[in-house]
Each structure stands twice: as structure tokens, then as C-alpha cells.
Amino acid sequence: MWPGDPAGAHDLSDVERAAAATLSPEVWDFIAGGSGRERSLDANREAFDRIFVASRVLRDVSACTTDATLLNRPVRMPVAVAPVAYHRLAHPEGELATARAAKTAGVPFTVATLSSVPVEEVTAVGGSVWFQLYWLRERRRSLDLARRAEDAGCEALMLTVDVPWMGRRLRDVRNGFALPGHVRAVHLDGGAASTAHRSPASGGSAVAAHTAQAFSPAVTWSCVEELRAATRLPLVVKGVLAPEDAVRAAGLGVDAVVVSNHGGRQLDGALPGIEALPEVAEAVGGACEVWVDGGIRSGTDVLKALASGADGVLVGRPPVWGLAAGGESGVRQVLDLLAAELRDALGLAGCAGVGAARELRTVRPAREPRRA
Amino acid sequence: MWPGDPAGAHDLSDVERAAAATLSPEVWDFIAGGSGRERSLDANREAFDRIFVASRVLRDVSACTTDATLLNRPVRMPVAVAPVAYHRLAHPEGELATARAAKTAGVPFTVATLSSVPVEEVTAVGGSVWFQLYWLRERRRSLDLARRAEDAGCEALMLTVDVPWMGRRLRDVRNGFALPGHVRAVHLDGGAASTAHRSPASGGSAVAAHTAQAFSPAVTWSCVEELRAATRLPLVVKGVLAPEDAVRAAGLGVDAVVVSNHGGRQLDGALPGIEALPEVAEAVGGACEVWVDGGIRSGTDVLKALASGADGVLVGRPPVWGLAAGGESGVRQVLDLLAAELRDALGLAGCAGVGAARELRTVRPAREPRRA
Amino acid sequence: MWPGDPAGAHDLSDVERAAAATLSPEVWDFIAGGSGRERSLDANREAFDRIFVASRVLRDVSACTTDATLLNRPVRMPVAVAPVAYHRLAHPEGELATARAAKTAGVPFTVATLSSVPVEEVTAVGGSVWFQLYWLRERRRSLDLARRAEDAGCEALMLTVDVPWMGRRLRDVRNGFALPGHVRAVHLDGGAASTAHRSPASGGSAVAAHTAQAFSPAVTWSCVEELRAATRLPLVVKGVLAPEDAVRAAGLGVDAVVVSNHGGRQLDGALPGIEALPEVAEAVGGACEVWVDGGIRSGTDVLKALASGADGVLVGRPPVWGLAAGGESGVRQVLDLLAAELRDALGLAGCAGVGAARELRTVRPAREPRRA
Amino acid sequence: MWPGDPAGAHDLSDVERAAAATLSPEVWDFIAGGSGRERSLDANREAFDRIFVASRVLRDVSACTTDATLLNRPVRMPVAVAPVAYHRLAHPEGELATARAAKTAGVPFTVATLSSVPVEEVTAVGGSVWFQLYWLRERRRSLDLARRAEDAGCEALMLTVDVPWMGRRLRDVRNGFALPGHVRAVHLDGGAASTAHRSPASGGSAVAAHTAQAFSPAVTWSCVEELRAATRLPLVVKGVLAPEDAVRAAGLGVDAVVVSNHGGRQLDGALPGIEALPEVAEAVGGACEVWVDGGIRSGTDVLKALASGADGVLVGRPPVWGLAAGGESGVRQVLDLLAAELRDALGLAGCAGVGAARELRTVRPAREPRRA
């Protein structure tokens, strides 16, 4: 039985249940919840369940492999650990445990601006580590943070562009969620307690208040240009849904865009990434890599993403479930399950590798777009 | 906890629950119910939940504002309080409390023909007050009422055109709903008891019987022309669903049309306003303002309406929930929540203002129209 | 409370509940059930619930009327009582009570081949009476029956063409349903007991066995021609779904076709009439009247049928519910409710009459047809 | 009541319930389960329930027959028993009982590579017997097995092409499912115990482990060519979903393709066969026969398959339900029910035979394909 025996988890829902049983309700809500009525959160999952794939057959899959490249570097599978704040909420070892598992599993790990462990300690783990950047109210600090990540050995910078401020996550608001004392935004506040640790007198989410204090709602395309000029690292822009925005990013020399509604945590009602993906991929036309996240809970979901036009995917909540339920080995179990499931799905779909998956035909419910 | 502490409501569903707990079942049914099998009532909500928005990113939203104009006058947000009958059913202060809250919140308040407080007392509150007109069986009284509203200082007239008579609201029929003695249609009956206060001997809704007595089922486009000629106030026509009707209204000099199925209370099976909106807006092409109502329960819903082509929205039941649960401060809480949610939604969608929201792309389930 | 006080029923679901409480489970199942998994039965209702109408406004509906013609004769509303077998299952007075109510309500009543009261007794009631014909194994008896109906004063003949044999109605099969001794197919068996009264030794529905004995599975278009030549009465063909069949019927001089899946009782999986209607009406192009049945439970449903291209509708189960729950007055209540609801729906949709309803625009979920 | 009296089952769901009550939970799960989240398993059924047929009328169906040909040989109906592993799991007589029932019912029976009874014993039963081939890791053994089947008197070879390895069937994995000692893959392991009988030390499905040992994931189109050259028997390729693959098979001289997602047991998320069918049939254009399987649970489903372009269908689980519940007579009951239901459906749809069924028009929900 899992946890205790990580091999006992047979799909990610086993890990999810184990995490839910481990964490306090408030922390579980912070991780699991979405914004508003959670329509985007639910739609992320529903969208995957309504996509079907026309498998191909009679193609030798004996050497089927999930090997891929992300940002022109080899990865064990086209999956990376998404930036997620405060891993120490889930486990005392926090980002260190997750990064170790990602390294062993052969997938990139993204350190968040809101990491609870300093980036230098994470890169010391080894493996491919990326750094996720929120543009801060003080422009200088943003660039300093980017430089610090580069100096620490991060291999890519990922600018999150869909958080001018935090969405209205009503679970946190109702819980008056605040960080416990031992968990801190080390890149922003160092060792000091912050707004994130005190429920606002007026009620609501302390984490949201802290974010509002730190992040800039004035982040624009010029910040992308500035960042592009300031670093030689590959640059990823995370959080686009409109084809025009993806095309513009590619035009500015961005190496990858992540089609995403931020796990249903920002605009409630934002289109699921997987639904926006086909048009974005078509518009970008290979000018940069196109990744997707939101709702990926199995290797089959990764296959559906590839078949819908993605070059790669990010997974956010599942590694944190693994972390909560089993520390490093729990995360490893999550990533190994995904790799095994993806290999299985590739082979069953007649694809010897991820390239072939992008040629698969998908079928989904008809939608009516309204172009403004 | 809300009510008691208005700040305790985190979204409109909190207010709805508080109102349901406060009001008698009969009054709750009168406010909440729809006609027939309540298909249109339910569809109004379902339609919003199935619309998704492709957010834009990297546009400076630090000065994000909900400021807008309605009928060329500045409003705090493109939202007005819809005409709703008999506010005193919900709270002893009735329309006075609602109008005060609307004034403070910076949004227009619409006095209904079936107001339980005289229009002059409402306009005395100040703020932007509009008057909703039902065309009465006696043409002269309709025009007198319009004149009275204008004299009282109302800033716009809103002619409701989808009530030749009241729809079959089965909750009221089964409840034999009649007005309590202290609530009266002061513009029609003065201080006198009326049909609306006595359950019909044959059963059914006293309010429907009263309406049938008072309203004209012979209201036509010539009434719009007559009203247009009789007043210099902006004129709004509420209750259109067919593009042809909206175009015709604009051609007669109407300043705004409200795309609406009357909150699911008139024809059961009438198309939700939000579903009719895109074609109406396209057909009108800016010849007048196009508003929508029906099912708007959050700032995200307002955003979806704007993205679907609306210049503004009306909210009907939510302010009455606030009124029932907390009087003036309850209404204020509802309007403040909407404004805060709308600002949040705008910013998260990459819109610094309501104009940008109209450029957003939406996705909804495919429909098959049959044109006669 | 209804029954007891027919005025106590506020919509047809009230009557349905009363009937279900009155009838034995076996008889209820015979009336309510469909064939197979009852997919067509359920889809008949679901289809109506997913159609929405774009109401029109500002058209004088003070003289709104449901008056119409069916087969060029005036009717109170474009609704007729569909042929239903064995009314005496529901009430001792059987078809006599139903016919009396239809006469008073001003709508045509259709006597079924499987009537439990002789056609001559029904026509003696007066009103507009039609006769429904199943083509029998003995061609001569079919024509004799048609002649008998004509001689009795029936005003139209309705040939049902979707019953080469009875569908697999599993409720009846599981119940081993057989007619009670006092209910007989008087046109076929006179006063004698028949197969319909004895559960087959091998189990199953006695009524189905009886039907198989009597009806011809060899009925073809030549029977329509023969019948057309044999009578001067208007001729209706009931049970078409394919546009080609409707066009062919019209070409043979048929006066009306009924688009129908036989209330979900024949082919399980047959398209609901209301879904087949728009294409059939368009194909027929006015060459004959086009009616629809299946799932009509309110005046709003009648409106949706008209707006989808129907000239009229049949209602089958609802009058039988009325009959079971309240005899003649129960049926009357059902028909009066429908008329009141239809007038209400017409007026609220901006239609002064049924002609205008056919010009309304409808919206329904997108479908993908496959043409063979 | 069924079982005990096979005539007591009125549709296949009766048989399914009887089987579920008879078998151990582990064996039931092995038969009933699908892979992953069982989305494809569920979608197979949902797809049929959302297809509707426009019946035709007035065509003589008195001589309605289900007679058809499959592979140019006469069959009682266009239905064959699909290959299913290990019938002795369901009943001690295993494949012998099923084959006897199929013979009596006049439909082909497919012996699986994973049969629990040797093919020679099955062909000794008589009737039309086909042999299903998995391409084995040792190419020579595959061809030997094909030859053995041909020598035994099998009338067709069916190469299953969607199992490079077994899908992740989580029910079996969680159950640690292994074959009981008396059930063996006699064509692969002779009388010896095998991997299939021992739950892996690491947990999981023994059957999957055994399959992985035996089957080749390197099966390609050249194997089809080799097999085509090696036998004069008709050759069927089972498990295609993409039109291109079906066209290619036909081009290589294959006599029939089976459009299938393997009963939802291989790629979870694979398109249901019935949804892929129309495009496949159109692309093949008669160059070979096109069959479908997955979710067929009634004669109406067979009709829908024919109307969607199929020349024939396979049924897998239902005969095994019959076998579990009643041995040979249970299987016979299943096949007789299907034949009776299909004849019923044909006649009610106005089709005197299966050829006419292919001309029927179907309606289904709109889908949005993405072509890579």
C-alpha cells in the first residue's frame, strides 16, 4: 500500500489520495484549489477526458522511447516539473527532495521565485534546473534574481506572465490561509517573516496579500525584451492562451511558450491550455517550442498534449502530491509513473517516439469561437 | 460570518445563501423562481459556465480600472442595478436602501414601475437613477409615468418589452403568492390594496393577476416611437433576443438595448441573453449600446459578457439578495464584490479597462441555429 | 389538490404524477414505457429541453390566439390527440371520455385501430374525430376498416407506417403484460378474447404477440396509394423521419405527415421527431402539412415544434394521464392547460398567432449528420 | 428467471448481471475492465447512446432477414464472436461451449491465440471458426501458429495489430491478477504453468507480464505482407482507427479491417471504433470489408454500426457473459437475442436486410477533428 511502499501507487490518483490524507486541510486547499467557482480548474480535467486519439498501428515500437529534447537539451521525457511555490509546505525537505527526484528521473526541475529553499541549494543537487521568475515591483530586483539564478547554474529562465496579481482563490480566502513560520519565500524575504505569514486583519489570504506586495502588475512585453537582452539562457514565457501573444513572444526570441491557465488558479473562466493549444501551435508554426500545462494526470494526457501540438508539458500538482506523500521517493514515483505511462501510451498509439505522437489525429467536441 | 459582517461574504453565492435563510419561502420563490420548467432560468447560468476566455498577457494592468460609461455617463463599472419589483419584500427600507448602496457604489439604480417606494423618494437619495416603464393598458398613464420619472430627476427611461403579461411562474402559482399588505405598487395603486394582495379565488399568483390588469399586451414599436418623441432622456429597450429587433430599436433612436430573457421568468425556453448576445451585438454594429442580463453572478461573468459583445450588464437578483441579507450595506457588499471581481478579472485577462475586454476571444459549445 | 379538483394541476407533470398514482404498475409501464434501453424515449424529452427560442417583441399580442387549422379545418390550437391504444386501460369510459373532452376543448381526437370502444360510438360523441389505421395482414380488412371509419363520420384517416410489428418494449416483456378481460381491440376481435389477453407461454408481452398476428409487415407505398384512391377523406401518414419519405408521401397526395419515432416505442435509437423535423419540413416545402409528436409536455414545447417547422403536433401520453387521473374532466384539464400554455408562450414570444411562431429562430446543440 | 432458464434474459444487460453474480470479482474485473481511467471503455458505450437513426418506412419487411456475408461466406447475421482470451476463466468447457453455441447460432467464432482450448478441438466442433493471431517475438512461431490454425480447418486469420503489449489495466494490476492453474494459454505454453500464473513479485498483472514475454512489439506492415503471402485464407486486420492504416491494409490484400480500440483495454483515450468508423469506411471505399467492435450490446447497436458504414461487427464480452452465466446455452441465448434484436431493428428501420441498413442516415454530436 502506498505510501510506505512507493511501488504501490498504480496511477497518479493513488498519489493524490495519499497526499490529501497527509496534508492539513488548509495546505491541501492551497495546493488543490483554483480561483472563483473553479470552472477553469474543473475544465482543465474535463477537456482531457473529452479528447480522443486515433492510434496508428503496425509500426515497430520495440525501441519505443520517451526521450525528447526540451530547449534543445535531452530529457528522459518531454515533461518538466512546473514551478510551484513553497514545497516545504508539503514536506520538510521541500524543493531539495523534489529536485533530487527530478534529477534521478531525468526531467528538468523549475525553482520558483516563491521557492522555500534557495536556488543555490537546489542547483547544488544537480540535474537540469530552471528558474521561474515573477517580475517584481522593483525592476532591478527582477533582473538581479534572474542573474542570481543564472549564476547558480540554472539552465533556463521561465517568466510567468499571467500573474499581475494572484487570482481570487476562495478556499484560501475562506481559510484565511497564511504560511506557517518555517516556510518562507527565501528569494524575496530571506529569513524574515513577511505578509505571507499573517492573515490580513480584514480576512482573506495572506499569501495573496504578500504576492500583491511583491509582484508587478505593470509587467509588459518590454520586460521580456529586457530579460532577453540580459541573459544568454534559454527564455520561456509561461501563461499564454492567445495565439497572438505566443507569436509575439516567439518574435522576441523567446525559446518556448507555455500555454496555460495557471492550473485554474488565476482567471476563473480562462480557457484550458489544452483547448487553446492547437491554435497556438498552428500560429507559432515552429518559431519556438510550445508547451502546455493544466490537468495532466497521466501519460495518456501527455500523449494527448503532444497530439494536440505540444512540444512538451509541465506538471505542477502531481510532483507535490508525491512530495507530500513520500518525500523524494514519492516524487520519483510520480515521475516514473508518468514516464512508464507515456511510453505505454506512445507504443499503444503506434509511436516509437514523441515525434510520431505529434502526427496523431485527435477528436474533441465542437466549439464555437468568437473572435473579437 | 455574513450577514452581520458584510465583509464576510466572499462571493455572491455567500450572499445568496444568506438571503435564502432570511426570507420566507414564498418570497424567496418569488425572487428566485423562473417560469415553467425553469429551463431558461437554469440555462442562463449554464451558458456562462460553458464560456471560456483566452486571456491576454504582458499588458500593464497596474492602473486597471473598471471605469466605464453607460449612456455616455461615467459609471464605476459597466454594471447597473436592474429593475426588480417590490424591494420592500426583501427589506423594510426597500428601494431606498438599494438606491443608497448603488449611489455609494457608483452604479445606476433602476426604479421599477412596480417599485414599492415612490420614484421621487428614490431620486431624492441621489446618484444615477433610471426609471423602468411597463406600457400600461391606459396609454396616457404610461406617458404620465414617464413624465413623472423625468420630473423626479431620473436620468434614463427603460422600456421593458418582453412582458405583454407575466410568465407562468409555477412556484408563485403553487404558493398562491400574493403581496403582503405593507408592500404596494405605489406608482400604479397609490396606497390602496390591489389585486396583487389577494390570491385569486381560482388559485394561482395574485401578482400575475395584478400585472395582467395593469400592463398592455398591445405594446408595439409605435409605443417606442411615441416614448422617444415624448422625452429627451436616454431611452433603453429591455428584453430583446432577436438581432432584427435590436436593429430596429437602434433605428428608432433608442440609446441601448438589453439582451435578456427576463431572468428566465417570461418565456420558458427563451434563449439566454448571453447566448443571443454575440449575434445581436454584431447586427447592431455600434448603432446603440448593447447590454445583457440574466445569470451574471460574478465579475468573471461580467468579463464574459463584455468579451461576448456587451457594453454593459444589468444585475437583478444579486442586489436583492444583498438587500434581504443586510439592507443597504448588504447591497453595497454585493456591488463592491462585483467591482472587485471585475477589476480582478480584467487584470488577469490582461485588460487595463473594459474596452480591452471587448477584444478578448471567447470559446463556447457549438450551436446549430435554425433561421425561419 | 389534483385530482379531485382538476383546476389543481398547474402543468402536465402534475397530471402525470396523479396518473402514476392511480394506475397499476403494469398499466403504467405499458403507457409510459419505450422500447429497448429507452434511449429514444429519453431523447424525445432531452431534445426539447435543449432547444431555445429567440423571442420577438413589440408586436401587439392582445388578440393572441392559438386558433389554427389542421387539414384545412379550424381547430382551437394546432394540437390533436394522437392515436393511443386501449383507453379503457386508463378509465372505464375509455375513448368516450377522451373524445368528449377533445370535443369540448376544440381539438381533433384520433380513434386508434386498437381502440377499446367502437369508432361509431366515438363519432357519436361529436367533434372532429379521425381514425388511425394499421395496415392489417388481410388487405381487404384494412380497406374495410377505413371504409367503416369513413361511414362512421371520421374526418380523416391516419395511416401509421412505423409499426411493421411492435417494438421490444422491455417493461411489458418483463411484466408479461396482457390485457385485462374488460379491455378489447374491438375493431379487430369484436367481443372475443384474443392473443392480447394471454401472456405467451414463453413469456413476454401478450400485446406484442397480438399485434404481430394482426398487423402486416408488408405495408408499402402501394398501400398508401391504394388508401389514397379508396377514400376522399384527408390522409395522414404517421411515423416518418427521413426527408425522402416525407417528400414521397406528399407526392402521393398525402395531406399531412407526422414526423415521429412513435413515442420512443418502436426502434430504440430512432431519431426524435423534433430533431428530424427541420430537415423534413424544409424538404417538404409546403407540399403537405408537417406535424410532429414525441415528448411534447407543455405549450412551450408546442411553440418549439412550430418554430422548428411544424404545422401541428400530436399529444399521446398526456391525454391518457388526464383520463387515468380524472376521466373526461382530467383530459379536458390537460388540453386546456396546453391551450393556455401555448397562448402564453405565443404571446411571450411576440407571436399573435401560430403563423408567426413558425418564423421564430431556434438554437440547438450542433449535430453531425452522416448521409449514407 | 435467468440463468437457469436462458429464455428469461430479455436483453444483454440481464446476461451481464447474471455473469457478474457468477464470476469471482477478479475474473469479472479481468473481463469487464479497461485500461487507465477507462475513458475509452466508457466512451465506447456513450458513443452508441448518442447516435440516432432516421428510420425509413413503407418498405416490405415481411421477409426481413439478418442474413449476410462476412468474408464472402454466408452468416446468419453480420456478427462474429470476437477473439477473447481464456474462455475457461468463465466456464469449465471454455471455448468449446462458445464455439458450439456460435455454430448453432450460425455465426463465426474466433479462436484466440490466448485460447484455453487448442484450436484443433475447437474446429472439431464444426461451424465457421477463425483464428486470431498475435505476432509473437519469434517470427517463425507466428507463422507456425497460422499454419496450425489453417491445418486445423480455420476459415480465416485475424491479425490483432493494437497490442504491441498489453494496456495498463488497473483493475488487474490492483488485483495482482494471475491465471488459476487450470486455465492455460495452450497455444503458447502447452500444458505448462507460465508467467501468467504467478503474480509478479513487484505486484501487478501476471497476465500482462506473460503477454509482454510472448508478443512482439516489433510487428509491422511487413508482417502483414508475410502473412498474406503465407496463407490462402482470408486475412483480417483487427485494431485500426486511422483511415490511412485501413487503406494501407486494404492495399496489401487484407480482406477486412476491424475498426476497434480493443474494447477500451489498450490505449486509454483511444477513439471508440464506432466514432472512427464513418471516416474509415469512406476512405476504404469498398476496397475491403470494414468491421467495427467495442460497446455493441444490442441489435440496435449493430444497426447503428451498419448505418455508420460497417459491413460487420464483432462482439467480445457479451458471449463471455453468456458463457459464465449458462455455458453453451448462455452463449446461444446471447447470440439469439442479438439476432432477434437485429431483425427487429432492421424491420423497424424499414430495412428488409442488412444492405438497406447501410443506407440509413445517422445523427450524432458534432466533433472537431484535429489533423496533424
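Going by the order they are written in, the chains are A, B, C and D; count residues from 1 in each one.
As a working rule, a residue touches a chain if its C-beta (ideal position, glycine included) is under 8 Å from a C-beta of that chain, and two chains touch if they have at least 3 such contacts.
Everything numeric here is computed off the predicted structure, so don't read it as measured data.
Of all residue numbers that take part in the contact between subunit A and subunit D, under half occur on both sides, making this a different-residue interface. The angle needed to superpose subunit A on subunit B by their Cα atoms is 90 degrees, rounded to the nearest 5.
Greatest centre-to-centre distance from subunit C is found for A, with centres as Cα means. In terms of their C-alpha centroids, the spacing between subunit C and subunit D amounts to 41 Å.
One finds 58 Å separating the Cα centroids of subunit B and subunit D. The residues of subunit A that reach two or more other chains are 365-367, listed in rising order. Residue ranges on subunit B touching subunit C, taken from their complex, read 36-37, 39-40, 43, 161-162, 164-165, 167-168, 170, 173-174, 202-203, 216-221, 223-224, 239-242, 244-245, 261, 266-272, 275-276, 365-372.
On subunit A, the positions that touch subunit D within their shared complex are 7-8, 10-11, 49, 51-62, 64, 278, 298, 300, 303-304, 307-309, 341, 344-345, 347-349, 358-367.
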